[in-house]
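Structure first, then comments.
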Amino acid sequence: MRPWPLLLVLLVALPLVAGVATLPPHDAPDAPIHTQVGARYLERGVAETGMKNLVTAVLLNYRGFDTFIEVVVIFTALAAVLALPKGSAPVPKGSAPVPKGSAPVPKGSAPVPKGGPQAPEPAAGSAARAARAREEERPEVASDVPVSPVVRFVVRLLAPFIAMFAVAMLFRGHITPGGGFQAAAVFAAVFIALGLALGQARAARLVPVDWRPWLQGVAPLAFALVAWIGWRLTGAFLGYPSDDHTAQEAMGFVLEVAIAVGGGVILARVFLEMET
Amino acid sequence: MLLFGLDLDYVAVVMLFCVGLYMLVAKSNLLKKLLGLNVMETAVFAFIVTAGMVEGGDPPIMVAGTSAPFASPIPHAMVLTGIVVAVSVTAVALALIVQIHAHFGTIEIDELKELP
Amino acid sequence: MSDLFDIVMLALLIATAITVARARDLLAAVVIFSMYSLTMTLVWQHRGAPDVAMTEAAVGAGVTTVLFLITIARTTRREKP
Amino acid sequence: MTGPWAEALPWVIALPLVGAALTPAVAVRRPRAAGFWAWGVLLVTAVLAAGLVSELLARGPFSYELGGWPAAYGIELRFDHFSAWVLPLALLFVVIVPFSWRYLDHVMPDERRPPFYALLLLNAGGMIGFCVTGDLFNLFVFTEVVSLSSYALVAVGGRGLAAFAALKYLFIGAVSSLLMLFATAQLFVLTGSLNMAEVSLRLAEVGGGTAVMVAFAAYAVSFMVKAAMFPVHVWLPDAHAIAPSPVSAVLSGMVVKVGIVGMLRVYQIYYGAEVLELGAFNLALVWLGAVSIVMGAFFAIFQDDIKLMLAYSTISNIGYIVLGLGLASPYAVIGASVHVFNHALIKATLFLAAGSIIHQTGFRTLSDLRGVARAMPQTSAAMAIGAVSIVGLPPTAGFVCKWYIALGAFEANQAPFGFALVFGALFIFIYYIRMLNAFYFQKPVHAAVAQASETPWSMRGPVVLLASLCLILGVLGGIPLTFVEPAVLDLLPLWGP
C-alpha cells in the first residue's frame, strides 16, 4: 500500500475538521441558517407562493433559476453521452486516412512525449486489442439474457402501478414530499425495468423517435416558457403573480410535469445509450 | 451531540468525505474511484442537510400535523439540486469508462499508464 | 433515543463506506454502495428532510446503482489487486 | 434608473441554454444545420451582451432580481465591470464556431453534430451565467454546467486516450466542484445567506475564525484547480491537447478563466468583509504564479506536439494572471485582468491556426511539420503573430498586459518577481522560436506537408480575423483597460498587502 494517499487524506481532513468544529452548533434554532433567509420562507412562504411544501416553494419559486440550471445540467449529461463516439468502429465518413483532428497520429511520428500517457491512438497498432474489444461488445447484456417468465409477469403487472405512484408524487408535490425529480427517477425506473423484462426494442417504443428531440429538452424549454410568461405577467424573469393563486399553481404544475417528463426521458435515454 | 468539544455529526461527515477521497486517490480501478467520488458527494450533502436540521424539528411542510420548529428548507433545495448534478456527472463518467474499456480492454489506471 | 439512532446510523454509514472501499468484487461494492445510500436516506428522513431522502432513494440509490450495474455488465466485475 | 438593456440580463444566460435544448430538435432532419443554428444563437447572445455592456458603460453596475424577490430571498444577477467579460467571451464563440463547421468533418460523423453543438452552447451559457450571477449556490450550479460540458467536449474527438484524458479531467474537476460546494455550504451555515453581497456584509458581523478561513481555502483550492495552477495542473495538458482544436481554443482560452473569475468573486466577498488577513495568501499566489510561469514554460520547451506545447503555455500564462492578482498593486491587477481577455484571444488564434495546420497536413509534431509555412502562408503568419503576441513583444496584444504586470511588480516593491516574469517570457520565447524556426526555415520532410493547401475560407477567415485582432489590440491596448480599471480601483482600497 502506498503511503501518499493516506498522507493526502490526512492533509485534507485536518483543515476540514478544524473548519466544521468552529461552526455554530447545527441543531440550535438560533443559528444563522434558521434566523436569516430561512426564517422568512417559513413565515411567509405559504402565503407568498401558495405551496405548502416549502422545499418545492424554494425549488420552483424563490430559487427557481437554480432549478432551471439544474435541469440544464441533466440535459448536458445527455448531450455528453450522445456526443461520445459510439462503439469502436472507425469514425469519419469520407476520407478515412486523414487523421481526425487531434486524436490519432499517423505512422512515422514519434509518440507524443511527456505530460502523461500521450501516445498516439493505437489505430492500427493494437489490432488484436481492438478486435477483442469489439468482441466483448457484441455479447448483449441483460436484455438478451432470458428473463424468467415470473419476473416478466411481475414487471408487467407492476409497471402501471409504479408509474401511477410517480404521477401521484408529481401531482401532490406541493403538499407532500416529492415532486418532479423524484417522479422522473421513478418513471425512468419503470422504463428500465420494462427494458430488462421485455427487451430494449419494445421498451424503446414507449418514447416515439420523432418526439425524442423535443421531449429530452422539454424541461429547460418549459422553464424558459414559464420564465417568459412570468416576465410578461409580473415584469420579472421567472416571476409568479403573487396575488393570483391559480396562475401560480398552473405555472408550478407546468414546471413539475416538464421536469418529470424531461428528466425521465433523459435518464431513460442515457440508459439506452449505455446499453447499446 | 458533542464529543471532546467536537460536533459528532459533522465529524462523521468529514470521515465519510475522507473515506471517499481515499478511494478516489488510492484505488487503481476507475469504477472504484467513481464510487469514491460518489461517497464524497453524499458526505457533502449530509453536511448540508445536517446543518439545516433543528433539534426536534419537523420537515418544512406546512400541513396539519407539523409544527414549529421546522428544518430550514434552503439546504434541502440545495441538496436536491446537488443530487441531480451528482448523478449527471456519474452518468458521463460511466459512459467514459465504458469507452475506455472498449478501447483498451482494462479499467485499471495502473495498466492504462503502462500502455504504449 | 434519538442520539442512539444517530450513533448507530453514523457508524453504519462509515462501516458501509469502508466496506465499499475494501470490496474486491465491484458488483458487491456497488450493491453495498446502494445500501450506504439507503442508510443515508434514513438519516436524512430522521433529520427532517423527507424530500431529500426520497430523491436520494430514487436517484442516488436507484438510478446511480443501475447505471453502475450496466457499466459493470459492459466492462468487468473484478478489481485487480 | 436602469435602462432597457438591463432587462436582457437573464435572457443572455437563458438564450444559449435554451438554444442548446432546441439543437437536437432543430437539426433532426439535417444534422449539419446544428452548426449554423449554434452560430445564430451565439450571435444573438453576443448582441445582448453588447447591450448589457453599453448599459454598464452608461449607468454603471446593475442588478436583476430574478422572480422579483428582493436580493437575499431570491437569486440576484449582478452585472459589474468584471462581468463585461461576457461580451468578448460571446464574440470569441461567434468566431470559433464557423471554424468548427468544416473542421469537424474529420472528427465526427454528421449525426453527432447536434449534441456537440448543444454542448458548445451549454458551455457558453454556463460561462456567461458564471460571470453574471450574484449568488454563491447559483455559481456552483453554473460551474457544473461549464465543467460537465467541458469534460464531454474533451472526449468527443477520439476514442481511448481522449476518453481517458476526459475522465482524468472529470475526477479532478469533480473534486474541485465538491470543495466549492463545501465552501458555499460553510459560508451559508455561518451567515444564513447565499447572496454574495449579503454574505459579505454578514461575514463582517460574524468576524474571522477558523471556519471562515477554511471556507476561503476551499474556494481557493477549488478555483486553482479550475484555473490549472502549477501543483494542480496535471489534468490540463492531456485534455487540452487531445480535444478537437476549436474545443481546445474554448477550453484553453475561456474555460480555465472560470477559475480566475471565481477567484475574483471570492476576493470581492472577503475583501468587502475584511475578516481575513490575506497578505499571506497573496504572497502564496505570487509564488505559485511565478512557479507556474517557469514550470509551464519549462515543460513546453520539451514538447514536440504543437497542441501539447500550446497547452503547457496556457499553464504559464495563467501563472502570469495569478502573479498579477497576487501582487495586488493597481498596475499588476489591471494587467492581470486584461490578460484574462488577451490570453483568450491569443490562445484562440494559436489553437485555431494549429488546428488548421493539423487538419490540412495530418501531422501534429514540430519535427513533422517542418517547412509548412511555404504551403500554408496565411495560417502560418497567423500562428507567428499569435506566437509573438504570447511572448509579449511590443506591437501585439500580449505586450500590454505583461508590461502592466511587470510595472506592478516594481510598484509593489517585488522586483524579483518582475525578473521572474521576464525570465519566463524568455523561456516562452525559446519555444516559440523553435516553432517558427521549424515552420519557416526548415525543409519539409513529408510530401504531405510540402503539398498541403490552405484551409477553406470558413476556417481561414476566423484565424485571420483573430490574428489581426491580436495586432489591433496591441495598438489600441487601452480598450479593455476602460472596463477593467473601474472594477480594479473599486476593489483595490481593500486589497493591500
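Read from first to last, the chains carry the letters A, B, C and D; within each, the first residue is number 1.
To be clear about the criterion, contacts are C-beta pairs under 8 Å (C-beta built on N, C-alpha and C of every residue); 3 or more make two chains touch, one makes a residue touch a chain.
Just so it is clear, the model here is predicted, and its values are computed rather than measured.
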item: Contact-richer chain pair [A-D vs B-D]; value: A-D
item: Subunit B-subunit D separation of Cα centroids, rounded to whole Å; value: 29
item: Centre-of-Cα separation between subunit C and subunit B, whole angstrom; value: 10
item: Where subunit A and subunit C are represented by their mean Cα positions, the distance between them in whole Å; value: 19
item: Residue numbers of subunit C (touch at least two other chains); value: 50-52, 55, 59, 63, 67, 70-71, 74
item: For subunit B, residues that touch 2 or more chains besides their own; value: 9, 15, 21-22, 34, 47, 50-54, 57, 59-61, 70, 74-76, 80-81, 84-85, 87-89, 91-92, 94, 96-99, 101-104, 112
item: Junction residues of subunit A, two or more chains touched; value: 16, 20-21, 23, 26, 33-34, 37-38, 41, 53, 55, 63, 66, 70, 73, 76-77, 80-81, 84-85, 88, 117, 119, 122, 137, 177, 181, 270, 274
item: Interchain pairs in contact, sorted by label; value: A-B, A-C, A-D, B-C, B-D
item: Touching residues on subunit A, where the partner in the complex is subunit B; value: 1-2, 5-6, 8-9, 12-13, 16-17, 20-21, 23, 25-29, 33-34, 37-38, 41-42, 45-46, 52-55, 57-59, 63, 66-67, 70, 73-74, 76-77, 80-81, 84-85, 87-88, 111, 117, 119, 122, 125, 129-130, 132-134, 136-137, 175-177, 181, 263, 270, 273-274
item: List of subunit D residues in touch with subunit B within their complex; value: 137, 141, 144, 148, 151-152, 155, 159-160, 163-164, 166-167, 170-171, 174-175, 178, 181-182, 185, 188-189, 194
item: Interfacial residue positions of subunit C with respect to subunit B in the complex; value: 3, 6-7, 10, 13-14, 17-18, 20-21, 26, 29-30, 33, 36-37, 40, 43-44, 47-52, 55-56, 59-60, 63-64, 67-68, 70-72, 74-76, 79-80
item: In the complex with subunit A, residue positions of subunit D that touch it; value: 10-11, 14, 17-18, 20-22, 24-25, 28, 64-69, 72-75, 103-110, 112, 114-116, 118-119, 122, 125-126, 129, 137-138, 141-142, 144-145, 148-149, 151-153, 155-165, 168, 182, 186, 188-194, 202, 206, 209-211, 213-215, 217-218, 234, 237-238, 241-245, 248, 299, 302-305, 307-308, 311-312, 355, 358-359, 362-365, 367-368, 446
item: For the subunit B and subunit A complex, residues of the former touching the latter; value: 5-7, 9-11, 13-15, 17-18, 21-22, 25-26, 47, 50-55, 57, 59-63, 68-70, 72-77, 80-81, 84-85, 87-89, 91-92, 94-96, 98-99, 101-105, 112-113, 115-116
